[in-house]
Structures are given as C-alpha cells and as structure tokens.
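In what follows, a structure is listed as structure tokens, so that the remarks can point back to it.
Chain IDs A, B, C and D follow the sequence of writing; residue 1 opens each chain.
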C-alpha cells in the first residue's frame, strides 16, 4: 500500500481533529480512526466514522431514557442473551463506516451484501489508479479437486512463476492501453496533444479484474457481523478473508462485549440439523452410530464429525 | 409530556457527558442532543445519537482520503447537484437515531417506512404507561366530504365535547381493565395478592390505539428525507405531521446545507407529468389551454393549476 | 371466520378462473389457491398468488437456460446443500403473496419483518369490520413467573370468565363509540342525519388492539422461512404461531423439497456455541462436565441440556 | 448473441410447456416468455417468470377479496392516481424475473440497485464464456468536455480503429492466458495433461471488464420502475440504456396500464424546484425573468429552460 504525500497529510489532518461531543464513544476505536490498515499488496481498510458502542445495544433493547446500563456485568449478560436468541434489532443500533481499497473481483463478491451503503470511486468520472493485485507466491493455489469452489495445493516453481508473470504482464499491458485510449496518463498528463481521448466510461472496460478500486462502505453492526461470519470463515476466498480478519480486529476495538459473544455464538459455534442431533445424542449415550442409518449424506456426516472433532468416525 | 424525576435525571446525565472524539460533529445538533422535545399531549422526540454531517456527504461522493472539502461554497454546490439529480448514495452516509414517544395508531403509520432500524418498548415484557392521546379541540375534524382519506371542518360545540369525552372515558376504562387483568398497576403495585395476572402479551390487546408507546428509531439521511417528504406534507395526517415538523428542525441543525437543498428541490418543489409539461409550455407561450384537450382528468388539472398558483384556471 | 356472501362469491370466481401459462406451477398449492383458511376466531390466511417452485431454486443456483433440473434426486441434493450452507440468494427467487386477516396487536408483531411488501386495509379511508379477537378459554394464560416475556399456567374458573367478559365488553363498547363518533355504522348506515361524523383517521384511535385488520403480504421464500423459523417457534406468542403453522402447511404444498430441508436444518435443528461444543465433545468422550467449569451461565447450560435431551444434567 | 444448440433446445422446451393455473396472467408477456432478446453484441435479456398484472395492483390497493376490479376504466384511474401521488406499496405486489447476459462493467453499475434478488454465474465455480463486449464503431465516443461523466463526439477513422483493435486484442490475450493459467479451455478440454491448473477463483482476475457474465435478476414492479427511470434516461451510459430500453418493452407487455402512467408521470415528466416554480409562474404571467435574480445556478437555469423547451432563454 502506497499513499501519496497528499493522502498521508489528509489522513493526519483528520487524526489531529479533536472535537468535544456528548455522544457515546469507543475509546479503543478512536485510537485507530482514519488509519490505513494495509491489506494484500495495495489494499487497505480505514475506519472513518462510527456511531454507538456496546452500551447503545443495551440502551435500545431496554428503550431507555438514559445510558441504559448500570453495571458492565449486566450489560454483558444482556448482550450475550440477545446474541444467543438471535435478537437482531438492538445490534442494528450501531453503525460503522469504512474506506476500503480492494481489487475489483473482490469488490464484486463484497457488494453481494446488499444491506450496506456504498459510494464507489467512479471510473466513469475519474481515472483508476495504476495498481493491480498480484498474489504472493504462497497464495497461488491450484483448483481444488474435491471442492469445485475452492483451492487445493500451492502451485510450485516454474508454473507459479509463469502464472505470476502472466498476471503482471497482462495487467500492465491492459492498463497501458487504457491510458492510450484515454489519451491521458493516470498522473493527468496528456499523451497526444492533437488527439481526443476515448470516454472514460468506455475505456475502463479494458482493465483486468485485479485492478484496485475503492469505496466508502457503511453498515450497521448486525449486518457487519453477518458479513464477517461469512467472509472470515475458512470457506471464504482467501483474498476477501484477509479484509474480514482485519475488520474483526476493528470490531473488537469498537464493541468488545459484542465481539466476545459473536466469537462464541457465531464464529466458533456450529449448527446441528434435526438428524444430526439424533446422532450426537446416541454418541453421548455411548451407542453405535453409522452413516447408513443416519439419513445423512456422506458429506453431511463428515461435516458433523469434523465439527465435533470425531476424526475416527470420518468416512 | 411528563417525565419522571428519574427520567429527567438520566437525560441530564447524558447531556453532561462530554467526550473527546476525532469524528466529525454537528455543533448545532449537539446543543439539543438527548433533549425531549414535546409533541402532542404526551409524546416527544429526542435525538439520541448521530453520525456524520454535511461534509460526510461530500467526502463520500468524492471517495476522499481526507475531510473531502475545501470550501463551503464548493460543498454546497455539490450537495445541491446531488439532490437535484437524485444521487442517493452519498446521503446514505449520515445516520441519526431518535427516541420517540407516540400514540400506537401513529406508530402503525410510521413503521411502514421499512428502511429504518427500530426497537420498540415491549408490551409482552413490560406494562405500558397510562398515557393516551386526546386531541386538542381544534384538531377534532369531521370526515372530509371531498377526500375519503382526509379531514374537513372542525367539529363544533357539543359534538366536539362528546367525542372528547368518549375518547377519554374509553381509554381510561380499557386501561383500568388492563390493570385489572394484569392484576398489577402501572406503578408496579399488585391489586389482589391472592390472584395471578393475565399474561402481559394478552392483556395489552384491551388497550385502545391512542395509547402511547415508544421506540428507538434509527435511519440514514436519505431515508429520513423520504420519510419527512411524505410525512411533513399537508396530505399527511396532522398527528404524524407534528412529529415530522419537529424532525425537520433537527435536520436543519444537523446538516444545514442538505436541509436547504431538500427544502428547495423536494419539499417546496413539484412534479410535472409529460402532459402537464405541454400545458405549462402553452401557458408560457400565451396560448389557450383547457382540460378537455389536455388528456388530464379534472382532479389532475386542478392539482397542476394549484401547484402553479393559477386559481383562475381551476375547474 | 365469517365471510359475506359477496366475499364468498368473489373467492369462488377467482378459484374458477383457469388460465394457460408457460410459467412453472405448484400443483398442490393451486388446489388451495384463494381459499380462506380460518385462524383464531375471525382471522384467516389465503394464498392469493405465487411465483416459482422448487425447480426455480435449482435453476437460479445454476444460472441455467432451461428448467435447471434433470432428476428430482439431484435437485433435492442441491437444495439441501444450499440450505445447510446458508446460501440465501437462490431461495429469494420464489415469491408468495398472502391475504391475511389478523388482530392488530399481532399485526404489530408481524410487521417487524421488514423484507416483505404490505398493503393494509386503511382505517383512514374505510370503516373497520366489527370483529375482535377473544381468546379461547384454554389460551387465557397467566403471566409466566420465570420468563418475563411468556405465559404460565392457564387461568381458571371465575377469573378466566372475568377476563373474557372484560375483553368482550370493552371491545364492544369502544367499537360502538367508534361508530357513534363516525356517525356511521359499519354497514354504512348513518346514525344521525343532522350531524357530521368525526374523521375516520381520528375515530379509529378509540378501537382496542384486538380489533381485526387485514392486509396483502408478499415476500420471497427466503424471508418467508426466516419469518416462519421465528414465528412457528415455541417461544413465539401463541396467536402469531397459529398463523405461522398454517403457513408452514402452505410452504409444504408450494415447495415440498425445500420444506423438508427447512424442517431438518432450521426448525428441527439447533445451534451450539463454541463453549457448548466443548461440553458436547466431553460428553461424547464420556468425561464429566459441570456448569462451573463450562463458562456457561445456568440458563445457557440448561438450554443446551434440553436441546440434547439430557434431562439428568439440568440444574 | 450466439446460443448453443443445447441452450436453444432448453429455451424451446420451456416455451412449449403449458400449464393450467388459477393465477392471473399477462397474455402479451406470455408470448415472449423465455425468449432471448439480443442486446449489444453478445448480451440478452429473457423474462423467465413473473407474478401478477395490472389487476394485482388494484386488488392490493383495495385489499380486496376478489379480483379487485370491476371496469378497466376504474382500474386505470386508480393506477394513475397511485402513480401520481407516489403510492408505492401496491406496485410492489407484482414481481418479475429476468435472465440477463451482460458485460461485467455494466453488471457493476446494475448491481448498485440493491432491492433486487440476484444469482450470478460463479467464476469461482465455472469457466466464463469466451465473449467480450466490443462497441460498434458509432458508439466509440470521446470523453465529453462539458460533462466529466459523459460522452462527447464519436471517434473517427484511424483512432476508432485503433481503439477497437486494442480492446479486441487485450480481451483475447487475457482470455487466452486465463485458459492457460486454468490449464483448461472454455470447452472443458485440458491443455497440459501433466500440469494442474490455477484455482478458478484466482484465474478470473486476469479477465477484462468487458467479459460477459450472466445472472438471474428478480425484482418487484416498483423497483423495476425505479431502475428503468434511471437507466433508460439519456444520462445513463449507452450500454446499460440498451438493456433498460428492451426491458421497457417487456414492462409494456406485462402491465400496460401501469406502463402508460409510468411514461406520463415519471419518464416523460420533470421536477421543478421551489425556485424553479417561481420562474415558471413569472413566465406564465408574461413577466421578465433572468438568472441573476432567480437564485438558480447557470447549470440549473439551463436544465429548467431545456425541460420546458425555452431555448431562447438558454445562457
């Protein structure tokens, strides 16, 4: 991640602004406000604003006139209760806003979460930065053989080098031609004074999907947790997962009690189907179980055994 | 509106909390933060939190690294442009949270605006306050003869008194019986030590629709304006309009530039249909116009004439 | 539930209309289309339209050109997989529309589900039917002593009779006064020819919350399942649960494969927290467990034990 | 647009399925159901399902037991009234589903409309088709000089040819390398039997933004009109506008009465600000008007004059 001096200065200016407010605040989050936290090779996330903290959840759940809290222990118990019983609306009472820089193919996954507000940098209006995502060599994975939607082993040696070199060459060439068609370079300099440039809204179509874009993304705490639950999961594509993991850290600084309940009940928890429950009950009683009588598919059976660490029952 | 001493103290405590923040603030709104602004006979609105101000809109529209603004005049021009051309997403970058006390029949209109977050006081869990909306005598209007969904003249003398007295008597009686069924008064005292009370989730069904409820209601600036546009309009029912008007004042304190653009382009503006445009064009050219050749219905014709102050053309 | 002859005829007319369509259909659901299924004393649900069936989910998941299905067994496997892994978007591809008659206090719970489309009968515009919900005597429960948001034992004898009689009397009296204020009866007859009536939008505030209203309610399959999961649950208030249970039957007729997966993975399934997982793992290994070392609260411990039928471990 | 024989057959099979239903239908829309309507060079839209027609709007607005309509003329008046007064919920009672093939950079604009359901072809799971959008020569426009977000004159001769050739070459080369990295061609053939391929979720990042993708896209009538209003507008980018225009035709076949009202009140209509209203009123009275005293910016002034065909007042 490389910021221009002007961008660095703008961020510093924001960090130096101190205002007095009657609103509730999140002291740990304030410490990293506006900071650009690097992700992948050129990306970042920055928390640029927020509203509410753990006490806001309690306050709303109680429809309180005041701060809605007497003791931290009571608040914590209530928040855990709300999380465990899937009460959703109190968690919607907190809001957070990020500025994110990310490759376009990841932006396309991210935007599928619709209950958020988004302002994306417009390539109809402006020229995109000359920055592309090129994976680290250890993240260049082969197609998984077992899971059509996943990664297998890491590519080795020559093949890995070849992939990297193709990605780099194609991104650079298509970007160069993007500038050529625009008749303008990303720094604003004109290429041919005697020619006009292709409309930006058209030229952008020549860019590859690993080109970086950026946006402001704002969501409430409930929907942030829904996003993180899916995107910090090990099934998520590595690239979006790195963003989600950095955001988990900001969640912890913002609403520490909620974070703890979230890790216990959602991220670290699991779901058991009606049929799965019967299997577990038998196991607890010490009875024999087997896949054929379970009504579970092989895949489902293995998912259950893995969730409960029963490696000897894998089939 | 009557707050208990405990509630008043809770509000004061919140108003006295001063924190330092790096977030942007809205100084005029801070001045009235947490304050209970009285509406109708027992209702209120209180702004209890907010996020962002006018500069947040500009910052998001530009996907800026910094404050996103150099001169107020430029910001103002951009905000007006965004409003005029129905750009919606930058206005979603600001968020506000209200605590509202309101009669149930108004709450039922209000909740139709779905793009908001709501936590309502639970009558399954708690006993509702003994407070009902009784209109002022000047707001006791007859059914409109021309508009099946509106009000006509004010009721007079004896009839008005009778209506008021019925409303009062029925609300009080049903509330008394609500307490009786609960076997508990609103102050928590038990009525008959030897009896059990009906479940709260059932007893509440005996209350009338003018009973007050309360909720936390949070929305973004775009959806707040959509709400205010409809509910501060003269077609809206008087009771919800009084809430909307008080909220318009908070909008002005929060985002003064946006407020001005909103009043010009939305509240004070009008829409003209394709057929209406032709009529106006003829009028500007000094040509004769009449309803029969216009393709407009009588009602539509009159709506157009009223919008442009052409009373002599009313039919 | 009592329909007027005119209403019965309108329903019959709809049921007799047969059109040819190229759209996919749900034969079992067609059989009960438009039928008013009675709920509580005066309520009903009617399926009035739908779009898609089980094959639509498969078709969308595959972004197929055709019907998106070869064998029922493959479809079923895919739908189960999607349900198990919380894939949400394919289930959004089916849509259903209900006409529902329900008491206002239940309508207020129901409307909290925001991702649906609603048109409610307008009491600003029309006079509400003279129908109130009066519980059956076996549903008149006392307030629960253990759960502030639930029901305990059924009220007995005299007390039950008294509650019923209060509910009936208050509903009738407030309705009579509603008519009086309107100067019009629910059948349209004027009460006093020489007087004007109070505006409908005001008079309605005198009605009690057990008065019936009605609406058209349309939602997609995903959000219908979210609704049913919460509202057919035993924690839900009895009155809304009866609606949810009747809707579960319509779900089964509409999308039988999805219904089965829903019952297995959602309704009949359970969630286990990270801490709960450790307890279950110990139980499976035959180790001793106890609440003090578990990190679980007493309540949480009991919820886990109940979920897995371990009554001897209850504390 | 080129469909494989298998795809053509799948479409024909769907078109040949005739079912009897009690649901309301839209006869004109049935005629083109499933048909792939070509857009741009390789794109298409297909209506694959729908729910409701004009009568459904009327039925919901009246919360009717039956068809909700007596005479077409009454229905038409009611629909116009609802449209004119921005009643939104009755229009949400109809639903439509499209299968769309479109370039990725257009898909990125399209997805900004969040109130729709989407299932996109997954490039994590499958290989994308070898199809890229290459504009017709008459659509190769220069960047607009006056509007940073628009197009100016068409590019001429050699420059146009060069742009086209760059777009074609880059798209083909990056696609070839995509296949190379996957070690698999789009027809499924393996390139090098002794090598493994890069994971699909990674290889896709090498594709250019004019590569075609496809999705199922479902929305309700209200949100479809919001989409069309913005995307069929002359400010919209040409490429998405061609999709919107084709969809306008399907709207007309589906709900002809609503379509007419939509064209009159939304598409052909205009909005006038509070300040603009004063200008028009003066013009109607024959008074002098000028920009300096109007409170309007030059740009705003011109937008108003153009809207009302007052070319002589342009500044």
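Please note the rule applied: a contact is a pair of C-beta atoms (placed from the backbone, for glycine too) under 8 Å apart; a residue touches a chain by one contact, two chains touch by 3 or more.
Everything numeric here is computed off the predicted structure, so don't read it as measured data.
Chemist: Looking at A-C and C-D, which one has the bigger number of contacting C-beta pairs?
Modeler: Top pair by contacting C-beta pairs is C-D.
Chemist: Rounded to a whole Å, what is the gap between the Cα centroids of chain C and chain D?
Modeler: Spacing between the chain centres: roughly 35 Å.
Chemist: Can you pull out the residues of chain D that are in contact with at least two other chains?
Modeler: Touching at least two other chains: 89, 112, 118, 122.
Chemist: Could you classify the connectivity of these chains, where an edge means two chains touch, as line, ring, star, complete or other?
Modeler: complete
Chemist: Would you pull the chain B residues touching chain D in the complex into a rising list?
Modeler: 77, 80-81, 84-86, 89, 112, 230, 235, 263-265, 267-277, 280-281, 283-284, 286, 297, 299-300, 303, 307-310
Chemist: Any idea which chain C residues touch chain D in the complex?
Modeler: Where chain C meets chain D, its residues are 3, 6-7, 9-11, 13-15, 17-25, 30, 33-34, 48-52, 56, 59-61, 63-67, 89-90, 92-93, 95, 97, 99, 117-122, 214-216, 218, 220.
Chemist: In the complex, go through chain A and note every residue touching chain D.
Modeler: Residues 103-105, 107-108, 111-112, 114-115, 118, 122, 124-125, 133, 135, 140-144, 148-153, 155, 159, 163, 166-167, 170-171, 173-174, 177, 180-182, 195-202, 204-210, 237 of chain A touch chain D in their complex.
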